[in-house]
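Order of writing sets the chain letters: A, B, C, D, E and F. Residues in each chain are counted from 1.
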C-alpha cells in the first residue's frame, strides 16, 4: 500500500519542535507533526487542588481546538456552554500521561497546567499534545529549579505518544487526517523511555481487530515512540 | 494473592441481569456485577441527528452516576452545569462499542439511545454499562421488529465488556472498587463474540506496564468476556 | 365511576417499600406506589450551608426523573444546562416537608440531603418522594445515633404525602398517570401523624373548584395519609 | 392582635394599579400592594410553542426580582447561570393561574407572555403578579381585538390572588414581609369571580395546621379576592 | 433638519429624576430621558472583591433590559444562560465611568454595586445609566456617611453622560430611538464637571467620520453634559 | 520621556504579518506587533444569521485569549461557562470595524467569521485583531472570487487600528503592556484609508482628559494607522 505522502508504513511524519514559542509560560513549545500544529504551554501556580495531599504537587492538562484548526470551522466551546466531550476525553488522557512521569512529592505545593491548543489539526493531535506537552512540562520544571523553587526536577522519565491504525487492512504508523478518517482501527499509545506502556487506547471504528493485529499496532507505536524519544532528548539537551 | 472476596484471579463477580426492569423503555435491564448495579434503558426515537446519512440509523449512549451511587455523595451534573468529564469519556466509549454492533442501514431512520444510570458503583461500571446496554439495545430492536418498524434486527454481533488490572503486581480479572482504587494498571476491553477487540483502554495508574503484561490483561479480559457472552446468550434466548 | 385498575375511589395503589436498596447511603429505600418507583437516598455531610445558624443542622432534597422514567424519553437536565422547573418546584416541596419534621438543633452541624430519583413514573412521584424520603431520612438519623454522632433522633413526627383529584367530576384518591393526565383538579397533601397539614397544593387544571370540593379532596388525602402512616410505622418498626 | 400597620386582621393593604406603565408592551400595569411593587407586562407573539395544538394559543409567565427589590441585594440569575428555583416555582404558578382564564381556541396562534418583574418586594409578590398579570393580559387581548387580530377577547373570567397566614396563632389576610417572615403558616389562594379556587398553596413553615385553620385561611383569601375583583373590574371598566 | 419631536439639534429630551424610587437600596433613582426610563439602584456591601487592595473600596455596575423594555420582547439573559454581549459592553462602561469619580481609599472596605435596569428603552440607555447611576451612587455614599460608616463622601466629582450622532449628515444631540436606529454615526461621551472626558465611544455605523465631525459631536455632548450637570446639582442639593 | 524600548513617542512597534499561517481557513494571518501575537482566521459559511436580509452577507468576529497568552494564566471561558465580558466588548468592536468595510450585497449569502485568537498579549491586542483581521478577511474574499462564488471582492476600503495613550502626562503611540498598565488615558482608533474614523474608544483610567488631549491622541493614531495602511497594502499586493 502506498501512502498519500509517500511515507513507509512505519514512518513518522516530519517532526518540528520550537521551544519557548511564547514568552510568558514557564515552559512552552510549538510541536508540528506533519501538518498538525499544537501549541503546548506549561503554567506553574503555587497552589494545588483540594484533593492533593499536603506537600505534594499536581499536573493537569487542558486541550482545545481553535475554531478553524480543521477543514470546517467549529463553534467555540464557550458558545455552546460546554466542553466538547472529545476534548474532555483527550485532556484526561494527556493529564494522566504526564502525571505518570512526575514525582509529586518533589513538585510539592505546585500545580503545573499543560495547555494544549491545536492551531492546525491533521490527525494525531492527542498524541502530539502528549509529546509536546512533555517538553513544556520539562522546561517549566527546569525554570522552577533555576528559580530555586525546587531542589531538582520532579520529572522521572520521558513520555511520548503516537498513533497507529489499520487502513485498507494494512497497519500504518502515525495516521494523518486523510488516513485517519477512513481507518478501520485506530490505536494511540503513550510510552516511557523503556518502551513500557503508560496509556493505550484502541478503537475498532470500521471493524473489530484481533489480538495479533493489536500487538502489531503496539509494535509500530513502539518504533515511533522510540524515534520521538530521540527527538525529545535532542530538544531537551539530554536532561529533564 | 488472595482476593478480598475469595475469587480466583481470573474469576468474574456474580452477574445478575434483570430484563424489563422498567416498563416504558423499549428495552431495559438492571445489570448487577457484584455490588455494581447499572440500570440500562434503550429508547427509540423516529429521527436521527443531522450528521447521519439519509436512510441510516444511529445509536448513542449516555452515562451517569446517581448522586449517592458511591461511598461519598457527589453533586449532580446539573448543579455544576456541566457533564462530568469522566462521564463524557465513558459514554463515548459505550456509544462507540454498541454502534459497532449495529448495521445502521437496517436501523434506518431510528435513533436508539442507551441510558446507563449507575444506581450503585463498586468498580467496573463502564464495562457493565456496555454489557447491560447491549441487552437493552437488543430488546429494543426486537420490539421494533415486533411492531413491524424494522424487517429484522440490525444487531450484527454480541458485545461484552470487562476490566482487568494489576494489583500488587498480580493480574486480576474484573476489579471491584477496593482493588481498583489501588490498582497499578487498569485495562478495559470490549469484545465481540469472536473474541476480537472493539475497544481497548489501558492506563498505568501507578506504574507503566510491559507489552507482555498488556497481553496477559487482554487474555484475562477475553476469558471474562467469553463468560459474559454466554450469560448474554442465555438472557436473550440465543438470538438478538 | 369505575377506575381503570378497579380500585375504589378512596383506595391507595399497592405500596411497597424496600429499605436499604443501595448500600452506601446512610439511609435509603425504593418506594413503589403502583407503577411509580422512586429511589430515595439520604446522605449525611458534616457541614451545613452558610444560611444555617451555628450549631444547627439542615435537611434538603433533590428530585430528578431518569431520562426514560416516562412514556417518552426526556433529555437530561445537564444537556439542557438547567434544572427542569418542574423538578425545582418539586424538590422545594419535598425539602420543606421533611425539614418540618426535624428538630434542627438536635441535628446540629449535619446536613441530610434526600435524593429522590424517579426510576419509573406513573403519577404521584412527588408525594411518593415525600413518603419514601421520610423513611430514608429516619434510617440515616438512626445511623447517626448508632455511630454516636447524635444523642437521639432529631425526627419529631411522621410525614406522609398523597394526591387526590377530580376526574370526570368525581373525587379520587391517589391518581395514577392515566387518571392524572385528564384530571380536572389535582391536589397534593402532606400531613403529619395527627392528620395536620404540612403542605397543600391544589391546581384547577381543567376547571376551578369550590371550597366544598377542596375539603372533600383534603379528606380523601387524610384517609390515604393515615394508611401510609401505618405502612411507615411498620417499615420503621414503630420508632423513628 | 394588632398589626404593625394598624390593619384589621382581614384587611388588604392599599392597592394601586397604574395601567400602561410602559408603552411598548401590548398590555402592562404597575401593581402596588402596600410596599410591594410589581411591573406586569404582557407581550404578544404570533407563534406558539411546539406542544400547543395547531390553531390554539398559549399563555405563559416569567417572574423575576430585580437585584435590589429586597432588604439585601441578591445576585442576578444570569450571574449564577440558573433561574432561581423560587422564581421557577412562582412563574409556574402565575402561568397556570392565567392560562386557566383563557379560551385557547379564541387566542388561536398567539402566545401571550406575562413578565412579572418585582421592583420592590414586601410580601405577596406572587399573588400580586397574578392580580396584576391578569390586568396586563386583558389589556393585551383588548389590543388584539382592536387590531382585528382576534374576533373577541379570549378571557373567560377574572383571576385574582392573595395570601393569608397564621402569625402568633392568629389568621391574617395579606401578609406583609415583616409578618410573612415570622408566619407559622402561609397560604396563597388564586380565585375566579365566583370565588372558586384556581390554585391553592399552603405551607406550614413553623408548624402544621389543622383542616379548620386551613378553611379559615381560605375564607380570608376569599374575602380579599372579592375586593381585588372589584378593583380589577374598576380598572378594566367592567369588561375584559 | 427638523427633529421628529421638534427639538433643536442641540437640545436634550426632557429629563426627570425621581430619587428614592425604591426603598431598600441605599441609594436609588428613576431617571427618565424622554421615553427612556432606567431604574438605578446603589447597593452597599461590606466586602470587596479579591483584586481590590486591602483597605480600599470598589464600585461596579450591572446593566440589564427588562424583557419588554423595547418594541420587541427579548428573552431574558438567564433563559439563554449568558449575559447579552451588549449588556456586558455597557456595564463595563458604566462601571468605569462611576469608578473614575470615587476615591477608593475613602470608600475603604465597601463595594457599591450600581444596578441599572431599563424599564423602557428609547435610545440613550447607557448614558442615562451613567447619569442616573451617579445620583444613586451619591445617595448611597451619603447614607454611609450618615450611618457613620464613612467619615466623608468618597465622591470626587460629578459624572454625566450623553450621546450625539449624525443623522442625514446632521449632527444631533441626545438621539432618541427613531433617530438612533438610522444614525450614520453614534458617539457617547461621559464627562466630569470640568467638561473633561472620562469615556468616549464613537461608532461609524453607516459611514466613517472625519476628525472635524468627531469634534463637533464631542462639543454637542459637552453642551448636553453641562445641562445634565446642572440637573444633577439640583437633585443632589449642590453637594455629593 | 524615554520609552522602555527606546521608541519615539509617535513610533509603532515592529509589525510582522505572516499570511496563510494556517492552511484550512479561507484566509488567515499571524500578526505580530512587538510581542503581541494574534492569529486571525477568516472562515466562510454559505448561510447567514436570521437578522440578515435575504441576498445579503454578514461579517462577524470572535476574540479570545489563549490561557497563557499573558503574564498570569487565566481560566478558559468554557470552564467559567461564560464569555469574558472584556472579550465580548472586544469582539463587538472588531466585528463592527470589519463590517464597515464590506459591501454586504456583494457578499450575498455568505457569512465570514473572523476568529482572533491571542497567542501572546503585550498590549494592543484589540487593534492588532482589527488590522490582522482585515488581512484575513481580504484573503478569504479573494478565495471566494477565485472559486467563482463572488463576482468581485466585497471589500470597499482598508481598515487599520492602533492605540495611543497618556503615560506620565505624555501622549504615546502604540502602548505596549508595561506602558498600558500604568496609562492615565487609553484610546483606540480604527480608521479607513482616508484617515476617517470608524471606531473610537477612549478611557480615562487614571484621570479625565481634555478635548485637546483627545485630539492629540487621535492625531497620533492617525499617523500610526497610515503606516499600518502601507503595510497592509504591501502584504495584500496593492489590491483587496
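As a working rule, a contact is a pair of C-beta atoms (placed from the backbone, for glycine too) under 8 Å apart; a residue touches a chain by one contact, two chains touch by 3 or more.
Bear in mind the structure is a predicted one, so any value in this text is a computation, not a measurement.
If you average the Cα atoms of chain B and of chain D, the two centres end up 50 Å apart. Work out the mean CA point of chain B and of chain C, and you get 33 Å between them.
One inter-chain figure worth recording: chain B and chain E are separated by 58 Å, centre to centre, where each centre is the mean of the chain's CA atoms. Touching two or more other chains at once are residues 81-83 of chain D. Taken as a contact graph, with one node per protein chain and an edge wherever two chains touch, the assembly forms a single closed ring in which every chain touches exactly two others. Annotation: chains form a contact ring; the order from chain A, going to chain F first, is A, F, E, D, C, B. Across the interface of their complex, chain A is touched by residues 22-25, 28, 35, 37, 39, 41, 43, 45, 62, 64, 66-71, 73, 76-79, 81-83, 113, 115, 117, 119-120 of chain F. The part of chain E that touches chain F in the complex is made up of residues 81-83, 85-86, 88-89, 91-92, 96, 100, 187, 191-192, 194-205, 208-211, 214-215, 218-219, 222.
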